[in-house]
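Below: a set of structures, written as structure tokens.
The two complexes that follow have chain A in common; it is paired with chain B in the first and with chain C in the second.
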Partner chain A sequence: MAERAILSNTRVQAALLLGPALVVYVVFAVFPMLDVIWLSFFKWNGLDPVKAYVGTANYVDVFTKDPVFWVAFRNTVIWTALSVAIPPMIGLALALGLNQPIFGRNSLRAIYYLPVIIASIAVATMWRWMYDPFFGLFGQILTSLGLQAWVPDWLGNRDIALYSAFGAYVWQSVGFSMVLFLAGLQGVNKSLVEAARIDGAGRWAVFRYVTLPALRTTLTIVLVLAIISSLKAFDIVYGLTGGGPAQSTQMLALWAFTQSMQIFDFGRGSAISVVLLAVTLAVVIPYMRWSQKREETAE
Partner chain B sequence: MTKFATVTSAAIAAGLLLVATSLSAAENITFWTLNFSSEAANKAFTAVVSDFEAANPGAEVTVVTRGTDDHKTAIRVAAGTDKGPDIYFMWAGLGLGGEYVKAGLSLPLDKYYADYKWDDEVVPAAGSFSRMYPGGRHGVPSSLSGEALYYNKSLFAKAGITSTPANYDELVADAEKLKAAGIPAIAFGGTVNWHVMRLMDVILEAKCGAEKHDALTAMTVKWTDEACVVQSFGELQKWGKNYILSPFMGIDDSQAFNLFLANRAAMMLEGDWLVQQLAEAGKIDDIDLFPFPTRTNRLYGFANYYYVSSKSKNPDLAAKFLDYLLSTPVQQKLLGVSGTTSINKNVTYGELRPMTKKWLDLFNTHDKVFLNGDQAFPLDITTEYFRVINEVVSGNMAPADAAAAMQTFITNKG
Partner chain C sequence: MASVTISNVRKNYGAVPVIHGVDIDIHHGEFVVLVGPSGCGKSTLLRMIAGLENISDGTIAIDDKVVNHLEPKDRDIAMVFQNYALYPQMTVAQNMSFALELAKVDKATIRQKVDAAAAILGLEPLLDRKPAQLSGGQRQRVAMGRAIVRNPKVFLFDEPLSNLDAKLRVAMRAEIKSLHQRLGTTIVYVTHDQIEAMTMADRIVVLNAGRVEQIGTPLELYDRPVNRFVAGFIGSPAMNFVAGTLQAGQAGLKVASGAVIPIGPYPAEFAGRQVEFGIRPEHIQVADGNGLEARVEVVEPTGSETHVVIDMAGEKLVALIRHRISITAGDAMSVVFEEGQGHLFDADSGQRLTHTSATAAM
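Now for the complex of A and B:
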């Protein structure tokens, strides 16, 4: 009887349901995160039996002596800014188009979504071949147009390599934004759209004053996910350029990996990871708070 | 108790004692290495292990193979425990292999070198790496790789080049002749940093000489104090601007090789492993090779080694297995399966391709080797070396700034 009473308590039920997930979360997410923070204050190469405590030296080295860190930082900022602007914009345009009753709509949705389910490293391999300056698709197209001299070293020229890699990322990620926006568009109140049209609103006015406000929550989700995924951008850059040429396409996540798993300087790699974590939290938390407040005000 | 029961009990007890005795005599070693390059190599190595176990009752060798990165990680993870291997594969040199030696994870093998007389069996150039570590000799060679300039004979002829260059200046003069004939002199793939690095390594050897080059890689002299360093970076930049098939920073070594096969460039700086690839591509008759003319009489290359772990509980058995592995009959069996040439100088070769024969001569006539930069430097310095080289060869960094960047990084490392 007493057991039934305990089990009927909603708090107990919540604890029972959340408990296993919480344990997994603590073991596989919280503990490694704390471990990385702790490791960032040590010098360790994975071989020495003892980790040497160095205080904030890893952070000082990263900020003042590492010739690649600030390049990676700048690239991460550029990549994030572009990721927040371009794929969501294209995704929204595609969603608006594919929300119309056009022929082959479902097939087109599947086609645009397809790159999302391809592994990033496979996308990188495909695009590396397309970017090959001698035999690649883009080079061949330019050559067939008589513009051979204009074929750039897409991934080898430090001035354009980051943007070439970003092109592949856009191709891969745009379908994800599209699907989220499509889902959001299903929640747009049709009677409001009709009412706006009866009141004489044009396409742009309907979009601006009816559709877009209804997509506010979706937009927040898309942008937050875009920020998080771009700040931790790793695999596609790794597969396309490996951070080169001359570390000019390094990203913070990739540089942290390089330091830890290729150079085996676990302390410095951890310090870069902590910086990345701090940057991510500094960007995402204020944005989420701001958008939450905006939504509450709108309600 | 009946007489039958007594006899049976005694027999069982004797049997158990025998088993216990044999178990206590059993010795086990684990051997961690890279995945074998082919199924044939895998089978051949398995047979070697079985033969060793058969010849040494009670000995058991457990072989664990992994991919390159997995192997590196596994070794590093195992380093902090007592669960590691008795024998492990690692590259030779102060970079990768040296790091483990420095951390005290490799057992000095001087005693075994003397007892088993390994120097009488090993190709001198391959064995030379065991002497480069402080505190004794470490590891035994598993393979030796050399790198040299492969050249397209018809493209050389087309440019009017009739003999191979005897020194660096002649090589540059030949590159200039090729350029004048509209032929890019050499192909490299820049996405894999170590490919262009080879050119910098050999230029440093040519311009600085053996002793200074070694001091530079050992970081015992300052990169900013040696005029030859700036000269070398200058030469590298010259090659990047004038003689390397462009664009090259956005392609990898295999793409560069395809371009070389397609006669788009006259030379490649590649290893002895290219012979088989050239044969498979049907191009072996069109190509020949010569060592990069550094004039230091040292072969450019690297070696793969097997090290005995300092944590091994059976170092004697590990050494005995290595002795068996290095022995002439075993190496004779492995020849052609896990490599075209052997690290054992006593194996006999049958009918060889002229190019393989040339490599064999190079291995046998050079008793000194200078290492690839990424094997010679510690890992963090290697990463910076790659960055600086790529900046210079792309024309984005002045040679003097490159020398300064290298020295600053080395100084900051402390």
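Now for the complex of A and C:
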């Protein structure tokens, strides 16, 4: 009887349900995050029993003596800016199209969403093949059009490799924002659309004054998720170029990994991770606050 | 002001017909209410006038101009929706001026029209608020304001009071009616509430299952319903119906229990017909002991009147007594059917047979 009474307590129920997830979260997210911050103040090769405390030396080195860090930083900023603008825009366009009563729209929705469920490393492998200048899909298409002189070395040319990699990322990620926008479009009040049509609104005005305001919450979520996932962009770049050629596609997350796991300088790798964490928080926290405030004033 | 002419209009959803050839002539400046139960097609008909639904067959003309293929914005109509349909991100003033802004009317004129409409509806203090900061009644008023500023040929109302509480509904009813008297614009108003229809309309169109049952003034519908459906739909509490066979020699109506209830004179040739006799609750009155025998089953006092459910020869009837009466369930009661107030409907077709002059005389 006593056991029953304890189990029927809603607080106990909540603790039981949340407990396992909390343990996993602490072990695999909170602890590593704190450990990385701790490690960033030490010099350590990952094997030595002794870690040497070096203060802020790792940060100073990263900022002043590591040119690759700044390339990675610049690339991460470009990547983030592009992925805030392009995939959500394409995702919204697809969602608007697939929200119309067109033939086969459910199949099309599934097809556009498919890349999202493919592992990034598999996407990278596919696209590396498609980008092959001799045997790849894009090269073949250009050649068949008689444009063989125009076939670039998609992933080998340091001026365009980053953008080629980004193309693969767009293909993989538009489905995700598309699905979020489709869900948001279900929530658009139909009589508002009708009221606007009676008020004289054409397609564009209905979109501008009814659809877009109704999608504001969805838009916030899509943009925040786009920022977060692009700041930590790693696997697709790792699979496509490994950061090359000549570090031209190096990203912060990838460089942190390389420093720790390949160069075995865990202190410096951790320092780069902490910088990345700080940048992410610096972007995301004000945005969340701002959008929250906007929502509150709209109510 | 404008006329609206609906000619043989049909609507099919795929193979399913929902409106079966409706004809309605709405005159300049008239307040016409489309009323009927859920699913009767009244909202669909209104949406076809608005241009929000395609017309499968027939024509709709506004001021003699066929509008079948015109976009909603080109029909010169304004519509008030059940859920108000206010733009949530805009203030009251912006909501009201939106249509004019889209039409590129100059700012000074917009301002003047919005102010005028706000003055009519008492919205001046609310112009800078957002819809979420308004009560249901205020939102309803803004929705009307949005319609007024456009000065359209026809106002369309789609169950605009359904989301309001009972008290506010009565107040808004009066407000819409006085607005119509003030502006004189043609109004087509949809509701499922027959009281709204009765209190507001110049003429009522009763719809049922996609067909017009009757068109007429409120009192025409009340006094001379053309069939059993209209008779039962209009009026609250609803008309009483007693099914039976009319007897020869004006003897009355033989009901299920085998008893014969005298219902007053009716044409001799009706003898032997299966009918439904209809009598409104207020036309059943207390007699001084020489009326029809009945037993009281339920007494419902409302203050101003008393609803009494009575059993007469096994038939349940509701009587509406307008004076104070002291009776309780189980009492015997003597009642009369008021003279000339009975209705006879064919049992099969439901069509009105004649206006009998029912009398209480035994």
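Definition applied: the second predicted complex is superposed on the first by the 275 of 299 C-alpha atoms of A that agree within 3 Å, B and C clash if a C-alpha of one lies under 4 Å from a C-alpha of the other, contacts with A are read in each partner's own complex, and residues count from 1 in each chain.
Criterion: a contact is a pair of C-beta atoms (placed from the backbone, for glycine too) under 8 Å apart; a residue touches a chain by one contact, two chains touch by 3 or more.
Every value quoted in this text rests on a predicted model; they were computed, and no experiment measured them.
Chemist: Will chain C clash with chain B on chain A after the two structures are superposed, or do they fit?
Modeler: On the shared chain A, the partners fit.
Chemist: Can A:P245 be said to touch chain B (first), chain C (second), both, or neither?
Modeler: After superposition on chain A, A:P245 lies in contact with chain B alone.
Chemist: Who does A:L192 touch here: chain B (first), chain C (second), both, or neither?
Modeler: second
Chemist: Given the touch rule stated above, what does A:V210 touch, chain B (first), chain C (second), both, or neither?
Modeler: A:V210 sits against chain C, while chain B stays out of touch.
Chemist: Taking the superposition on A as described, I'd like to know which of chain B and chain C A:G200 touches: first, second, both or neither.
Modeler: In the superposed model, A:G200 contacts chain C only, not chain B.
Chemist: If you tally the residues of chain A touched by each partner, is the higher count for chain B or for chain C?
Modeler: Touching more of chain A: B.
Chemist: Working from the superposed arrangement, determine the closest approach of chain B to chain C, counting only CA atoms, in whole Å.
Modeler: Result, nearest C-alpha distance in the overlay: 51 Å.
Chemist: Please write out, lowest number first, the residues of chain A touched by both chain B and chain C across the two complexes.
Modeler: none
Chemist: Which bits of chain A are touching chain B when the two form their complex?
Modeler: Against chain B, chain A makes touches at 45-49, 61, 65, 67-68, 131-135, 152-158, 161, 241-242, 244-247, 258, 261-265.
Chemist: Help me check something: in the complex, which residues belonging to chain C touch chain A?
Modeler: Going by the criterion above, the answer is residues 50-52, 71-73, 77-79, 81-83, 85, 87-90, 98-99, 102-103, 130, 132, 146, 150.
Chemist: What part of chain A is in contact with chain C in the complex they form?
Modeler: Residue list for chain A touching chain C: 189, 191-192, 194-201, 205, 209-210, 213, 298-299.
Chemist: Which chain B residues qualify as touching chain A in the complex?
Modeler: Residues 73, 76-77, 79-80, 99-100, 103, 105, 190-193, 246-251, 255, 259, 264, 379-380, 383-384, 386-388, 390-391, 394, 396, 405, 409, 412 of chain B touch chain A in their complex.
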